[in-house]
């Protein structure tokens, strides 16, 4: 029994059917962690990208090293780091929040690079033309650069969203009851690992297929030349 | 615990991490070529198997695959040690991503090369191994470089099936000493160092292969 | 020429999707003949070469090489699509030189030429190297034999590509716009090699080119293509000086006006071949 839902061990099929609702509770946590982690990565990546692009090496170089450092070290260790270190400084969060923060940090290093590549892909002529019209910097960004950068940024971000889905089981290492952890607990208690773990595999497959279809759909709908302005 | 003791314990785990990373990367490379080429095969069963492998291992989570091999597979009569379960899971996982890299790079070779080989009556396998792959391999190197670092990072997950790698050792001595900050800082730095070394090796390989593939421009 | 044709197209249909490139196409080439195919782009002349090289299949009709079906086989008295084995056998009779050379960048010049003779024709290595060296001498590339294609100019690469095709000793050699990707100053050296080849060998040559000077010197027959048909064929003299078709005239004018580099056809007494 887990989350007050009992399982039925009389046959493989009844077992599978009886644990499905339990797994779906775990799946809900997985999806929430994915969404919050992704949003956090989108937010944190932006300042990293901007600091990286600052023309002073005193700032841009350490930012580049930081991005590389976050990218090159395991998410699991980062999760442990956040989980065990933050409380030492009086910052006590739930396991779920801790894991989500770690996901956000890890993926901010990736999103930062996406923002940077998106901005760099804007042809030099666009900047020059905008300056020739003496537009303010703020306007150049708002009306010219960002609308053109979005169609380049979105597909890459979509791929990282799918990666985040597949990385959420790592949060089980700090007791988050996401879907894999739930399946593992069912296995530990019934000694039947095969069915719950295979079902989790199937659930992830469904989740990633749905999200890639969604990402491709959005990608196709985006105008290649940029978001049209009225 | 002094820092020296700490570092010595962590280095013990580091050796396991390096070992697991290297073996699973090499095996993953083999899977990449086998299934990446398999997906382009003229024989449909080979295509279906390759495609199924790629979709399943890319579509599910590495930790699910690892737990499945370690906890579920024994119920089907195959028991793997933590070491072999870890290496199999890592290499099968990274191989699925690598297979797409291999396929993409081969398909990206100029069709003129394929036509010239056909005009000279090369067999399909000679065309593949002597013409297409030697050229495609250069294109594969940058994404392979990313996958190698990815695989190294993923290797930390083997600590969750009790293999005493760097992450596992860090956890163990943290529980004993509670010196959380220095332990994790050293651990992260060791991973970062390994990533830099691996990236360096891949860049070096890329340079060698670029020369060998005849990409050097006019002298 | 009352011999049997070495290559023959009969009522060939070739489509790319809905786009019909060749329809009811008939065409014959005789052994030793040098034929130049001309016409606007998209008129089907390159497709003719690519069908002979088995790079493009056909939807209807038949193609013969040396009186043998190219894209079909007789099996149990029925005509069926050719197997890979049959195509491999037929392909040995044909060689091709591509517009973009398509040398293998991962092999040295020498190995580009010896690879197929050694591994496809199973010729002893020594003999293949000897053959390659003779050919390199003929195309004037002996000094570069150990270099890689990327170290050569376009003209040099194309001369190597010609040697590579010849090393297979084909009965027919196809040239698909061999000089159109070259810088103007490189064109001459490649055409010289092709002239030499035409003079010294009784090889059958099919050349898609807009080089009228070359056609004038070498061709036994010039075929003018338009919309997948040969609208006019004859000696270079006939086609270039007294074209019957208005569209031939238009095309020739456009070639002369477009490319200053095209050597204008010098009116010479037709060499007897």
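Chains here go by letter, A, B and C, matching the order in which they are written, and residues are numbered from 1 within each.
Heads up, the rule we're going with is that a contact is a pair of C-beta atoms (placed from the backbone, for glycine too) under 8 Å apart; a residue touches a chain by one contact, two chains touch by 3 or more.
Predicted, not measured: the structure shown is a model, and the values here were computed from it.
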Quiz item: Looking at which chains touch, is this a line, ring, star, complete or other?
Solution: line
Exercise. Quick one: name the chains whose C-beta contact count is the highest of any pair.
Key: A-B
Quiz item: Approximately how many whole Å separate the CA-defined centres of subunit B and subunit C?
Solution: 46
Exercise. Using mean C-alpha positions as chain centres, tell me how far subunit A is from subunit B in Å, no decimals.
Key: 22
Quiz item: Where the CA atoms of subunit A average out and where those of subunit C average out, how many Å apart are those spots?
Solution: 56
Quiz item: What residues of subunit C sit close enough to touch subunit B in their complex?
Solution: 53-55, 88, 91-92, 94-96, 98, 100, 102-107, 115-116, 119-120, 148-153, 164-165, 168
Exercise. Enumerate the contact residues on subunit A facing subunit B in the complex.
Key: 68-69, 71-78, 80-81, 84-85, 88, 165-170, 172-173, 180, 183-184, 187, 192-194, 197-198, 200-201, 204-205, 208-209
Quiz item: Once bound in the complex, which stretches of subunit B touch subunit C?
Solution: 110, 112-113, 115-123, 126, 130-131, 134-135, 212-219
Quiz item: subunit A touches which residues of subunit B in the complex?
Solution: 55-56, 58-65, 67-68, 71-72, 75-76, 149, 153-157, 159-160, 167, 170-171, 174, 180-181, 184, 187-188, 191-192, 195-196, 199
